[in-house]
Amino acid sequence: MLLEVKGINTYRGPAHILHGVSISVDKDEVVALVGRNGAGRTTIIESVTGLLPVRSGQILFRDEEITSLPPHRRAKRGIGYAPENSGIFPELTVAENLMISRWLAQKTERGAAGDGNTEARAFTVFPEVRQLVDRQGQNLSGGQKKMVAIARAMALAPYLLILDEAFEGLAPAVVKRFREAVMTIKAMGISLLIAESNLVSAATMADRLYVVDRGEIVFHGKPQQALADDQVMRTLRG
Amino acid sequence: MKPDPNTPRNRSLLRLAAAMAPILLLLILLPTFVETYQIQLVTYGLIAAIAALGFNLLLGYTGLLSFGHSAYFGIGAYTVAFVVQHLGPHSMEFYILIGIPVVAIVSALFGYICVRHTRIFFGILTLAISQVVYSLVLKLYWVTGGSDGLRVPRPALLLGLLNFSGPRAFQQFITSYYYYVLAIFVVCVVLMWVVVHSPFGKALQAIRDNEVRARFLGLSIRRFRWISFLVSGTFTGLAGILWVPLNGLTTPDVLYWTFSGEIVFSALLGGFRNFTGPIVGGIVFTYLKTYAVATTEYWQLLLGVVLVTLVLVLPTGIVGGLSMLGLRLSKGRS
Amino acid sequence: MEKTTPSVNRRAFLNTLGVTVGGTGLIGAGLVGGSQLLKAAQDPAKGRVPDTPFKTGHMTFLTGAGAVLGEPSIKGHTMAAEEINAQGGLLGKRKIETITADEAAGTDACVKEVRRMKLDAKIDMFTGVISSGTSPAVGPVAEELGLLTILTDGCTDFLFDKAIPNPKYVFRITNIQSSDGITAAIGVAQTWPHVRKIAHIHPDYAYGRNAYEHFTLALERLVPGTEIVSESWPKLFTTDFTAHITKIMSAQPDLLVASVWGGDYVAFYKQALRYGLFDKMKVASTIAFGVAPHAIGKDHPEGVLAGVHSNYYFTYPGGDRWPLNKSFVQRYFKRWNEYPNFQSEGAYMALYLLKSAIERANKLTGGWPEDEAIISQLEGIGIDAPSGYLYMRPDHQAYKDAVTGFSKNLPGYEFASWDPARIITIPIRNITAPLGWPKPGTTHNESTAAANWIKTTWPKVVG
Amino acid sequence: MALLKTVNLRKQFGETRACDGVNFVVNKGEFLSLVGSNGAGKTTLVNLISAHLQPDSGQILFDDRDITFTTVTDRIKAGIVRSFQIVNLFDGLSVFDNVALSIFSRDGKAVQMAALADHDYDVRREAIEVLGEFGLTNKIEVPAGGLAQGERKLLDVAVAYALRPRLLFLDEPTSGVSTHEKAQIMDTVSSVVRRGMVTAVVIEHDMDVVFRYSDRIVMMHEGSFLADGTPDEIRANKGVASILLGAPLAS
Amino acid sequence: MAFLTIQILNSLLYASVLFLIAAGLSLIFGVMRIINLAHGSLYAVGAYVTAWLVGRGIALGLPSGWLFLLLPFGALSVALIGIVIEPLLLRPFYRRAEEYQLLVTFGLIQILEDSIRLIWGGTPLSADALMDALPIIHVGGLLYPAYNLVVIGIGVVAALALWVAIYHTKFGVMLRATSQDRRMASALGLNVGLVYVMAFGIGCFMAGLGGAIVVPTQAAVLGMGIDALVIAFVVVVIGGLGSLKGALVGALVVSFVRTAGIQFFPELELAVLYLIAALVLLVRPTGLFGTA
């Protein structure tokens, strides 16, 4: 297993958000976390990236315990992350946004392999980003920000790429473009963990999916099974 | 159990009185068993408590950190000094009568400007304005006495009923003035208690907790902050007014930003999330500084270390820490 | 008034003021003998004297920029206490114990501290105080507490002019502040009578204002027809004077008058030196050498009128002419590995003055004298001090010769000191309002009694 | 009888058209649901109507009066009140104070400084009554920060309701609570609102809830209205169902 | 004309030192959102260490040219103190309300001021041997110490170096990224703790450098830090907290206004500075170049 999350409990301030959540992502796999707003998807992701500390439970990445590592150490081990709001540094240029990941990638096993130019791979996924390198983060459109965020996470040379609501607020045509990108990334040997509120959309990409509701995993299986499961549909609708 | 809408759930006023009674009794009896010096020190402490109480209406209840409250304390003090110099009667009531409107007007003016901002910008703005006042007082030597300050002789109390002269005048004055300040202190505590428990006070806390929602209750945020500033400045100014006769003179020291720092320190020391916190903080800080200065030539170092340690280990201040301890003890018992 | 001011010849007037140059003066000194201060009282104390410690409270700048003057003060006090205690203490019995208080805690904290010392720590006597802002604050407090006090500085006229016009418990042994400006003016008149254009730089607080006013008043009489071409009022504890210096130089004065002191003066002269200010004009200062002597560098320019607050400089009275000073300086150096300044001498003498008064009172009454008895002995007491002869006026303000000098690098010192041939002394009684002169707010509204006295009695010189 | 009308309301964030020429009508006395997927523009629409945001263009009419450029306070005075998607309470104040404050504010008593809030018996009675309606009677002394999620949701609505609105917007009053709590909350809210004859607009995801409680349902997608009708009409609309489940429009 | 030139140079001299202090203060705020009230005291430590080292150097007979090598040590020692202080005293407070951070640095002022006195005593320390190692130059018949030009030069170089460091180096990108979005930076693999220590260290270094270069022209005296802090504060308030450009412009504004004040309206010099600060705050609370 590439990523194994075992029975984690996570709090936001005083609020107990995750109740014993377990998920896993295997090598060369696209896994989706589906759930409505506020169901706990982002909390799971932030627990994996280390942005939120977990109270109990275990997180293993490439068979090593990372449960209490700070976020930057997890990133160095190969966890790439593009958050819901894309997290582009507004006063940095796109080139600078990408640089940060590239430098760090040079220190990782995976990044050092090959020519070390991890950006190049990011550009093969989103050639558009190449045209944007001189723009400041704050001058990008929402869609562009999302592209740069994914490219930036790619530049880290990750084993696992985590995308939180990567397609939210995008025009349908652009969404299509992003779905293709996911497939390209998968083909490069990078696993993906994708948080989505839209089951159908998730089902088109994911090899496996988890349905999250009220901080618990309420379903786990193939996308087709989910679509066929009446209980899941009810949960997701409300 | 259905609550009775006609009785307040905690009989709040009575509870306040019950809590205050033993302390008040102790304070009233204090001069019979401690020396003049201690009485004087407690008087200073009570005055500091009034200043911190006023300050905390802004910090604790409105969520605005003022780093310039020295201005209102100092303006109160200087107003008395000017009254002494230019107007007639050496009467404490007269000082208060003139002083309070002056500090209220100044607080209203500065407050109007300052509440346009919040958070750190509010803090910086209050600081800058207090420094303007400080530098003017320092520089306008011919009016303010510059760094020498202005002297304020002992006033008569209670409309001239109490005058102080003769060999033991100082001791007599201190004891009388102690009761005088104590009475005003009690009035201030009750007033402030009413303010924070009034609809207005609740609105301030609402604004502190959640500005957006408060706006969607139809509250005009800036106006509430402004009035809070005004009340806060006036309380602190009153402390300045009361402080001058005790000290005998006022100097620009009480306008300098480090004095604002001491007011903030007092409130946080006691705990700014409690009504009683700043009161305790004001008194404790008075003692802390007095004895630090007395104990060692390196009193600043001592004070600094105490401050940093306190902030590290008692994040909710003395009162916060005590009530937490009390809670833990009572939980442990049950 | 101005029209009727009589005019006299300057040389003659300076003579009538008793100005002497070269340190041959030493007016009114006692017998030139051994160091009398150190001698134990000739006779044993009369009556029963308790052996409880005698507690003094000494307040001075322990922290902040003023500590440069506070450290010598505490050292002088400590040395005197050690010496007296080595002889068994006051009247051979009562050892002197000292508690200190930091004047830098703020004027307001000082008021609290004096009260604490008296009421809580139960001191028998209060000494010290440097700032002119502190003495009028704590003086009235000491009076209301009935606390025997000998202020060793805090020299403002305001203290006895206004704050406590009729002191009972408070004495002061430093020369009064107005004498600083006047002494400097006399030094200027004596040395550079031809200056016309004058620039001023003074710290922006009471001391600087007072120095400016009295210097100007006195110089008006001594050197009529001068003109003030520039004024600078840096905040106290300023360290960057470059803009002030350039402003002064741009006014092209003949003379700069400065009352900047302590660390400020060190910063000032170092900057002024490199800007060539000292080459372009004469410089007269009221208190340049008032800091600890070693705080002034070898690089200090020569020929500057470098005042010491009209009080004391360790090289004067020099050599063997006044062994009291020689031995004081030696002992001080041995004890602290540095030379004393006027604060050291003042704090040192305060305890000896007290000792002397107590011994005299003991002779009269026996036993440990009451405060009242000590006070009546202090009033009008005369005593030999390292600085010369010290006389306590019955109104509690001490008299000692005002002294100032010109900077010069002498062999043997790591710092600039005074040219021994050009030390100026003036009997203080000739430059300050006499005993009983109307105080401000009575028959006149001048800022000080001294100012009124000069305006009323000094002639205007010609030639 | 239209209580509220928007005319061609537009609001754009960057390239996202959150409100793309919306013509929204709310009739007096109805319980209306606003549905649509995440990012469809529902919250933006409520923000515009409550003056939390300024529209780029278009008009808002309330009682046939143009209120497009009035302030938050004006709209509250007129009777437009809202709750928030993420619970927005005064956590440091008690449950009682949270509601009482609404009443003080509504009655213009919030500026009173010399009276104890707890001793205003009119307000007290009313606050306790409102809390009773929302089933929070037993919690009145608890600080709002110490309530369970479901109770917080109810209190959030109660705080808005205590302002006695004419038009009440509830932004996801049941998000983040368990299914059985959800029904409870909606039962309470809808009965209180209907009893109080308040016109209400609810943003809601849960279609079961929407179908059960609404008089009318309006569906938004990508900044504009996709469907508008009674629960039965919407249920019958195939496009709506597929949108809600996330399928692209075309399919 | 010569006087004008000198006054301009004086202003630049003052601006140069002010910039160093204010830029450090601003940098620390920009990255860590902390207003370090002890910043002035750190500047004083820089002055004291340098003066003390120079004194030692002279005692050991170092040739005067070599003494210049001691300047960086004054600054480095302050950076070292900063590197110790940040994780030990400040880090526990990042999660708490900003009042507490202010209070801790307020306590730190008192600790540092008294520590200076404990170590070096009350007598001013001088380092003017450095000043005398350089010639005095003539400016239109007036004298001007070449060392002051060095100070101005160091100010300019420091400003440039800081600009390059922040906008054109790897570390600068990391610094800016951290200041803009701490969480995202750490999720991308930046060791935010390390960036904080380094930012604080650099900020302290700037303050220390200010102290180090100013001490030969003046003297190290007790209390110099408190005064410096207040003025530096005025600078960043005018220029904008967290903005490098703001620190530069603010330092220039304050210096020139102060010089003009001394020359033309000595009575109001100080009040005018605070008044300008208050006015800027009113119109633009974030200062001329700051962002919220």
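As written, the chain order gives the labels A, B, C, D and E, with residue 1 at the start of each chain.
In the analysis below, a residue touches a chain if its C-beta (ideal position, glycine included) is under 8 Å from a C-beta of that chain, and two chains touch if they have at least 3 such contacts.
Worth saying up front: this structure is predicted, and the values here are computed from it rather than measured.
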item	value
Intersection of contact partners for chain A and chain B	D, E
Comparison of A-E and B-D (more C-beta pairs in contact)	B-D
Separation of mean Cα positions, chain C and chain B [Å, integer]	40
Geometric centre distance via CA averages, chain D-chain C, whole Å	79
Mean-CA-position distance for chain D and chain A (Å)	33
Euclidean distance of C-alpha centroids - chain C vs chain E, Å	38
Residues within chain A bordering two or more other chains	none
Two or more partner chains touched - positions in chain C	63, 235
Multi-partner residues of chain D (at least 2 other chains)	none
Touching chain combinations (by label order)	A-D, A-E, B-C, B-D, B-E, C-E
Chain D-facing residues of chain B, complex	1-3, 5-6, 8-10, 12-13, 194-195, 197-203, 205-206, 208-210, 212-220, 224, 227, 231
Complex contact set, residues of chain B against chain E	59, 65, 67, 113, 116-117, 119-121, 123-125, 127-129, 131-132, 134-136, 138-140, 257-258, 261, 264-265, 268, 272, 298-301, 303-308, 311-312, 315
Complex contacts: residues of chain C adjacent to chain B	62-63, 99-102, 105-109, 111-113, 115-116, 118-121, 132-133, 136-137, 140-141, 144-146, 156, 158, 163, 204-206, 209, 235-236
In the complex with chain B, residue positions of chain D that touch it	50, 52, 72-73, 76-77, 81-82, 84, 88-93, 96-98, 100-102, 104-106, 109-121, 123-125, 128-129, 132, 137-138, 140-141, 159-160, 163
Residue numbers on chain D that touch chain A, as the complex places them	13-16, 37-39, 145, 149, 172, 175-178, 182, 204-210, 244-249
